[in-house]
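The two complexes that follow have chain A in common; it is paired with chain B in the first and with chain C in the second.
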Partner chain A sequence: MIKISNLDFAYKNTQVFKNISLEFQKGNIYGLLGENGVGKTTLLKLICGLQKPQHGSVTVDGLTPSMRQPEFLQNVYFLPEEVITEDTTPEKFIQKIGCFYPRYDFALFNKLMGELEVDLSKRFNELSHGQKKKSLLACAMSLQTDYLFLDEPTNGLDIPSKALFRKVISQYCSDETTVIISTHQVKDVENLIDPIVILDRDDVLLNASFAEIIDKIYFEYGPERIQDAYYTEMLPGGYINVMPNTEHLESNVNIEALFNAVMKNKETIKNLMK
Partner chain B sequence: MDFNGHKPIYLQIYDHVCERILSGEIRSGDRVVSVRELGVELGVNPNTVMRAFERLQMKEIIATKRGIGFYVCEDAKEKILLEQKKEFMENEVPEFLKKMELYGIKIEDIIKLKDKS
Partner chain C sequence: MNNTFDIQRFGKVLKHDGLNFFPNFILSLAILWAIPVVIYLFTALLPTDETRHIYDAMSRVNIIDTLLKIAIIIAPAMLYKTCNDSRKGIGYAMLPASTLEKFVSMVVYCVIVTPIVYIAGSLAIDSILALFNGPYKDFAASIYFNKFSQIEYTIEQQSTKIMLDDTWPIFINNLSPAFMRALSCLGILMLSSIFMFGNMIFKKRKTGKMIGILIFLSIIFMILFINYVANNEAFVQYFEQLNEDNVTEFVIRIIRIMMNVAIYTEIIVSALLLWGVYRKIKTQKY
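Presenting the complex of A and B:
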């Protein structure tokens, strides 16, 4: 479990987090959402020990990431949005770093490269942006760490690759793993991410599973705009209205509409989901 | 499988498994694909598939056996049909009747239509 308590963090004069607390439970694929610059990447860096909290604490299974102990590092992998790669092949790269990770599996790497349809013979700098992203994903997943953090993993992937991405991540998930996907491309990871975490400047607005969201919030698709809804948007076939779920109805979470509803009603929804 | 926007995904997966049983693709006593396999096939969060399976279990459409995993229950087909009939009568028929009234269609018109087909 990842436990963040009363965390403060700032870059020089820019406050990023102010007294935030949240938890990530095992066995889930979290979606980390938030507008540009709210600190999604910073949060991932704090969890994997690349940044140190200025106040408060971050622990992962009781270990403190910023102490960078081997027993912590061997169980975590963070794949940044942009990776500067060495002039080598993905195969050589993974063979080099694999030894630091006890469950690293070279056969799995080959299998994933096949599933993701990446040309094994090419060096990183000969691969297209999307191919490079997929090869790094295969590397990350073949390490089989319990904690896997992906920053904007679907950027640059073509349409079939996005479906492949969802399949391999679904496969990766087990009772012991915690995957956190930070993204703006919610459509790419729809039906994959659950729970959803929404960050705001200095704050966490939401950390809830779909079951918890559906219980409290109703997504109505209908012909009319509902006046006192949290959020409404016109779609080609009518309107989507995000409203309190007063009648215990079951609907499908529309992540984009949810995000907009939360941004428009920060305090209301924060209190509703408590 | 294409998901539609209105219904919770776990219910759509529930329907999908029911469809497979109704079509005879999987029969009573057959093993159902595992949560994991179906999750990967659909590219969906395994927890969502688990929720669908829990509902299928609750409705006694599937059950677990040690070492085997999920299998299709006896009378699963009948149970699904019974549930769908109930759903049809409670939700679709009232909607249908409302539309008949709106368009000024009489029950006789429907009977005529049925006799012709």
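Presenting the complex of A and C:
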């Protein structure tokens, strides 16, 4: 479990987090959402130990990430947004780092590369941006770490690749693996992420599973705009209205509408979901 | 699990660093290896007469030693250039190994592997060139590891050419080749630790900035020396008291003091800089 308690963090004069507390339970695929610059990547870096909290604590299974102990590092893998590759093939790259991870599976790597339709023999610099991303995803998943942190993983992927990405994550991540996907392209991770964490500047606005969300919030698709709704948006053929679920009706979560509703009614939804 | 140092994991780090960083550095070493070859070819192409310089083994050993220093200076930035880069260094920071293992591996490559690979390559190339009937006579390899005995011998033989003709041989006789070798290794450690530290604290133009700092510090020390030591009245008076009888003793004493200061400074500075490198690996933010 990842436990963040009373975390304060700032880059020089820019405050990013102020006294935030948050938990990530094991075995879930979390969607970490938020506007640009709210600190999604910074939060992932803090959890990975690439940054150190100025106040408060971050622990992963009781270990402090910023100490960068091998016991911690062998159970986490962070795939940054920016694709940084070496002048080698994905195969050689994974063989070089795989030996450090106790559950690394080269057969799984080969299988994933096949599923993601990336040529094994090509060097990174011969691959397109999307193919590089997919091959690094195959590398990350074949390490079979307990925690996998993906920062904007679908950026630069074409539409078929985004579908492949969702398929691979849902199919090959074990029940024990915790995946945190930081993204602002919510449509790409729809039907994949659950729970959802929405970050705001200095604050966590939402950390809830889909079941908890639909228990309290109702997503209505209808011909009319509802005035009291938290958020309303015109869609082809009607409107989507996000409103309190006072009658405990069942609905499907529309992540984009939820995100906009949360951003427009920060305190209200924060208090509602408490 | 041992989170401080595990020999098997350390072996993996050595292998990782070797595969990851060393191939790029070999290209830079190849340039350094090529310099004596260029000198050889240039000299060999000159007409064989009195103007053609014959490089004896000792001259080539000196060239190899100078280029070795360049190899040591550039090694950290060539081998571990990206390890403190906020984007490219993430892979290094997240590698499941302890800070101590990563640090020792860095020291092994910069302080031990680089000099050994460079010297081995240089001596091999020199030996091949010496086989031809060109300007390279005898083998540098034959005297390289006895060079300190060779220096002693040369000085004794040519003592008339040395300004301190009486003093220097007496002094040098008190220094064993083993001690000189240890001193040379200490010099390599200090030079390497300076540039390893520079590699960790600077993000760009690492070697150049470190050389700039060294030049700046040298100027500062020189100004301090001139102001507080050389212009010191007691010091000047002491100099004025020297005569033919006690100058030898004085020079030996001064050299001894300077050597002791140099040795202790090298040990302390190297230890502090290496500690700084370790701390930077441990606490570097990305």
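By our rule, the second predicted complex is superposed on the first by the 274 of 274 C-alpha atoms of A that agree within 3 Å, B and C clash if a C-alpha of one lies under 4 Å from a C-alpha of the other, contacts with A are read in each partner's own complex, and residues count from 1 in each chain.
The working rule: contacts are C-beta pairs under 8 Å (C-beta built on N, C-alpha and C of every residue); 3 or more make two chains touch, one makes a residue touch a chain.
Since we're looking at a predicted model, the values are computed, not measured.
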Output check: A:28 vs chain B and chain C. Expected answer is one of first, second, both, neither. What do you get? first
Looking at the overlay, does A:50 come into contact with chain B only (first), chain C only (second), both, or neither? second
Touch test for A:80: chain B only (first), chain C only (second), both, or neither? second
On the A-aligned overlay, A:159 touches which partner chain: chain B = first, chain C = second, or both, or neither? neither
Name the contact category of A:107: first (chain B only), second (chain C only), both, or neither. neither
Taking the superposition on A as described, I'd like to know which of chain B and chain C A:251 touches: first, second, both or neither. first
For chain B, which residues are in contact with chain A within the complex? 3, 5-9, 11, 36, 39-48, 51
Residue ranges of chain A touching chain B (in the complex, touch as defined): 27-29, 163, 166-167, 170-171, 173, 191-194, 209-211, 214, 221, 250-254
If we count contacts the way the header does, which residues on chain C are in touch with chain A in the complex? 1, 3, 6, 9, 12, 15-16, 19-20, 87-88, 90-91, 93-99, 282-283, 285-286
For the chain A and chain C complex, residues of the former touching the latter: 45, 48-52, 68-71, 73-74, 76-78, 80, 82, 84, 86, 96-97, 99-101
